[in-house]
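What follows is chain A paired twice: with chain B in the first complex and chain C in the second.
Our next item is the complex of A and B:
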């Protein structure tokens, strides 16, 4: 039987000052690590929930985002006639040809400029995107310079108030409604009539940048895609909306993760040295105890295992503390530039069980690496010498 | 692994031409020189001598805590000098009980948990371990101090817990390194009484290193070491 774990737990308690320093170091790293993962997860989640599996988005062939895409009015009509698109009770195809633009507004928090995505949509937009609801006010009236502002955008930008007026593109716009989009990227957008927006940006009046359609069912997507792709009049690309937004999240998601891992890695090295130092001093102070255990008959392996376990116990406490410290950040808002649209995107930290588990695993890795060498040294201690307290 | 069998005709411990040399830089320090020794089952033997005479080194070699430079140590039927480190560890668990000058109790464990440690290396059930620990602590007179931590005990009580730990697994012999060296006379006498009782009632074999002539008086045989050589054997029979 191994050395009882109670020995290690009580030893950690007995040396509470140095144990606490190691626990704190691990907790710091774990909280940063979890925060970064939660940030990346929140960013991705915000974009992922923007898309629906029942919707398809059509861009110009070769375009990777709406900004660089262009779809003619004629192509829009051909798309609208394609089989597989959901129709409303009047038999009208649920399609929304859209125009996007970027407009600079001042952030309420810092007073600095930030880009906001302005989306010109058709009056079908709310039917197609069922997650978007008008929470206050009303939807814009087609043909008027009216805006519906996302719930995050209205909180973030100076001058954006319900029934207030803002100027851009040479127009004065009235904010007539606030939309709740379930935490998706639309919460960071401003919507208006696509025809008005196109005129504002002096775009080609027969051109849009994307067309979003609602399909009869998500399963009809392959047939719809084939029909669009095989039509010689269309030089467009079709993606399921959910896949489109997933791809758009990839770049920033990876960037946050890589930078976050880099920071956590560097901090992790520090925490490993913290654990190493704590364990080396613990072992140095307990050399007579270790030698006594060896004299009694506990094997080198038992000692090795026991001290690795002690280090893992420190890691468990540090990891748990780190997770507890960062859990209140769940749901807290953050914002970043979405490099696909060059506009500001609000998202919330999303801490999941998997992320907390990853944080704990990271803590255990630090504890294991920090404890391995001291534990090895403890197990190889010459018994007769250590018994003399040398 | 060879088992130790009680054999009155043959010594329990046979030491032949035992030498131990340490190296310090280029210098060789000969701590024990061709030492020969026989100790029978149930004997109480004291080793005396000035500091650096090799008493503790001899005890370490007999307890399998260190390996000799040359010579043989046979305990029962086991030639311990030929055992590997791993075999020696396992052999110590079954055959040797150690008692140290500074008790060497684990401060974060209670008296009960300290005494239980050697039993964790056996196949005894938790219930059986409890019975053995309670028996050992009651032999040393600390049945009512089982759940005290070492810091809550006096020096003499701590040493008695250490003795309980040494005898709980019923080892073949006990090695005591200055067991009364850190105690006042009264506590020292209690410990020596206890060791004598272990010989009389439980036929334990005890080897004790001491500087204290009064402690040595309690043993059946006193061996004097000087500069690594046994110079005198005083047998009280």
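Our next item is the complex of A and C:
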């Protein structure tokens, strides 16, 4: 026969100090575990939502990121004539040859330089990247030294104010608008006219760094890719935008995950020790109680089961507490340099249901491992010896 | 001294608890070690930066080049001892995952400024004779199993095409902190073969005769090139590295922050366990007092026990952490160093002894003041 669960709940309450310590340990571990996953997830998400399956990005063959790449003006024209590209109502191909530079701006938080990605785009850019909207001000006028700044960039970097002026690259730029890009990496970028930026970065050289095109449908991508790859005039590589951005997140994502998991794993062992300690002292303090239970007919198995249940109950409380503690971190901003694009990127912690769920599973694993041995010992306790203590 | 057996017997009283308490300490200190390792890996470049070196880069950003003609002009600035330059190559060896930095260097001058590296003279000679030669850091040898004489293909990213290099030698760091996970080759080879950046280099390093003049010289250099198509930004190597660290910023901060909170939680838990252990022994302590043990002696006995827990646990934790770091970097080359330094081991041991003391002091004071009559009544 099973021992009623209420017995375990009451015992946890009766030994509230040591129970509290064990719950705290598990809560701490779970909150860190969730935080790490949320950080890695947030970073990846920021880059993932920057890409769209309907868009393709073209770089020079061999280049792994936009700043390494170079595409000549003639090549952009050839790309623009390729079949499969979406056209607007005037029949113009939705293509944006882009110049990508890195410009140092001071971080508001520390006053030190940050590598900010500055992107010269065509006037089609907003049609191609539908997630980007102008939230305040307006889009730049082609031909003028005007900037549109991402919503995170305007908060992070010094000297960026709407309608303000900023000097770099031998030009004085006016900030005419703020763009909202749904938390993607474009929120950390600064956009302007590609022809003006090209002069700043490349002098008179007639080249861009990447070409982003919108396809008719995501399914046209293989055909488009074949057409581009087979064209002897082009030495370029084509990727679906979403795949390109996913790859750009790989390095930092791995770094956060490996280091974070390492820390969470070590802490997990510590929390198991905490749970073990609590359960062992709970059991040794309760030896007469356990013996009484055995004497009145509860089987070894139900004692074992009952104590594992008690440990899992502690884990449940700890896990839930840990999740509750860390939920306010959702949406908190963090930033780092993305080595793969060499630029500073703002992202937010993204806690999802799956992450919370894996945090709870982690808590139960700790509770189970911490409860198993003590429960086994409790179930094997010699009844006669323990009862003598009465 | 004669009480050592008594302490020993007390430690053995509840073996499971002793093991768990020591184990918790070990875990906490392992974690401490790990966090310092992560911290040092991030701030490493700042630590090893040469005090007498300035970095001169394009004002726009590091990825923009500077003309090679600046070398002459920089050398003429008063207070400048020597000048060298380098460029980022950024090639891919086999797959993108095998990342390591490759620098095209000004081979004649590079080593005279980066005196923390050394190359065997015969290997150096070989390197200087071979236009396609390269030098690899000893930190890369094991990772790819390269040896001198190998010809290795690297796919260009910024500079298109397949590039092949002959390994002529291995450079070593004179101190264990030096970053030897690099790959050097002749700038001349790059300049000859690739026309896109002809006559342009990535950055300059300037060595000063007097490091205290750094600010003045940096200003002089930037003024010299102001309003030219290639304006410069000059700062000390330390400030340059620190700037990068600030950009990495939050991630490291978050990791360290969360970790420290947990570290102290773990220690608190351990402390409370110790308190429970003492409380259970109230009767015994009363008996000892009846037998004539003084309060101070009891205090000493319990404190000693607590510090032993902490110290043994700390030693095990830091020892395991050290062993773990000897296995190498788990992120596969993304961190320049992955090492637990002696200073941090000492700090860790100090912290654990202190926590042992703090965790033991309250229960042992209570024990010291214990009223015999009250305690005996409970038997």
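Just so it is clear, the second predicted complex is superposed on the first by the 387 of 390 C-alpha atoms of A that agree within 3 Å, B and C clash if a C-alpha of one lies under 4 Å from a C-alpha of the other, contacts with A are read in each partner's own complex, and residues count from 1 in each chain.
Convention: a contact is a pair of C-beta atoms (placed from the backbone, for glycine too) under 8 Å apart; a residue touches a chain by one contact, two chains touch by 3 or more.
Computed from a prediction, not measured in an experiment: that's the story for all the values here.
A.B. asks: Contacts for A:110 in the overlay, against chain B (first) and chain C (second): which applies, first, second, both or neither?
C.D. replies: A:110 contacts chain C only, not chain B.
A.B. asks: Is A:281 touching anything from chain B or chain C once the two structures are fitted on A? First, second, both or neither.
C.D. replies: In the superposed model, A:281 contacts chain C only, not chain B.
A.B. asks: In the overlaid three-chain picture, which partner chain does A:135 touch, first (chain B) or second (chain C), both, or neither?
C.D. replies: Neither chain B nor chain C is touched by A:135.
A.B. asks: In the superposed arrangement, which partner chain does A:163 touch: chain B (first), chain C (second), both, or neither?
C.D. replies: Touch partners of A:163: none, neither chain B nor chain C.
A.B. asks: Who contacts more of chain A, chain B or chain C?
C.D. replies: On the superposition, C touches more of the residues of chain A.
A.B. asks: Which partner does A:17 contact after superposing on A: first (chain B), second (chain C), both, neither?
C.D. replies: second
A.B. asks: Kindly classify A:294 by the partners it touches after superposition: chain B alone (first), chain C alone (second), both, or neither?
C.D. replies: first
A.B. asks: Please name which positions on chain A make contact with chain C in the complex.
C.D. replies: Within the complex, chain A contacts chain C at residues 17-18, 21-22, 24-25, 28-29, 31-32, 35-36, 39, 60-65, 67-68, 70, 101-104, 107, 109-110, 112-115, 168-170, 200-201, 203, 235, 247, 251-252, 254-256, 258-260, 262-263, 266-267, 269-270, 273-274, 276-277, 280-281, 334-337, 342, 344.
A.B. asks: Provide the residue numbers of chain C that touch chain A in the complex, in ascending order.
C.D. replies: Chain C residues touching chain A: 16-17, 20-21, 23-24, 27-28, 30-31, 34-35, 38, 59-64, 90, 92, 96, 99, 155-158, 160-161, 196, 229, 233, 242-244, 246-251, 254-255, 258-259, 261-262, 265-266, 268-269, 272-273, 276, 330-331, 334.
A.B. asks: Which bits of chain A are touching chain B when the two form their complex?
C.D. replies: 1-4, 6-7, 10-11, 13-14, 288-289, 292-300, 383-384, 387-389
A.B. asks: Show which residues of chain B lie in contact with chain A when the two form their complex.
C.D. replies: Residues 56-57, 60, 63, 65-66, 85-86, 89-90, 92-94, 96, 98, 100, 102, 104, 106-109, 113, 117-118, 120-121, 165.
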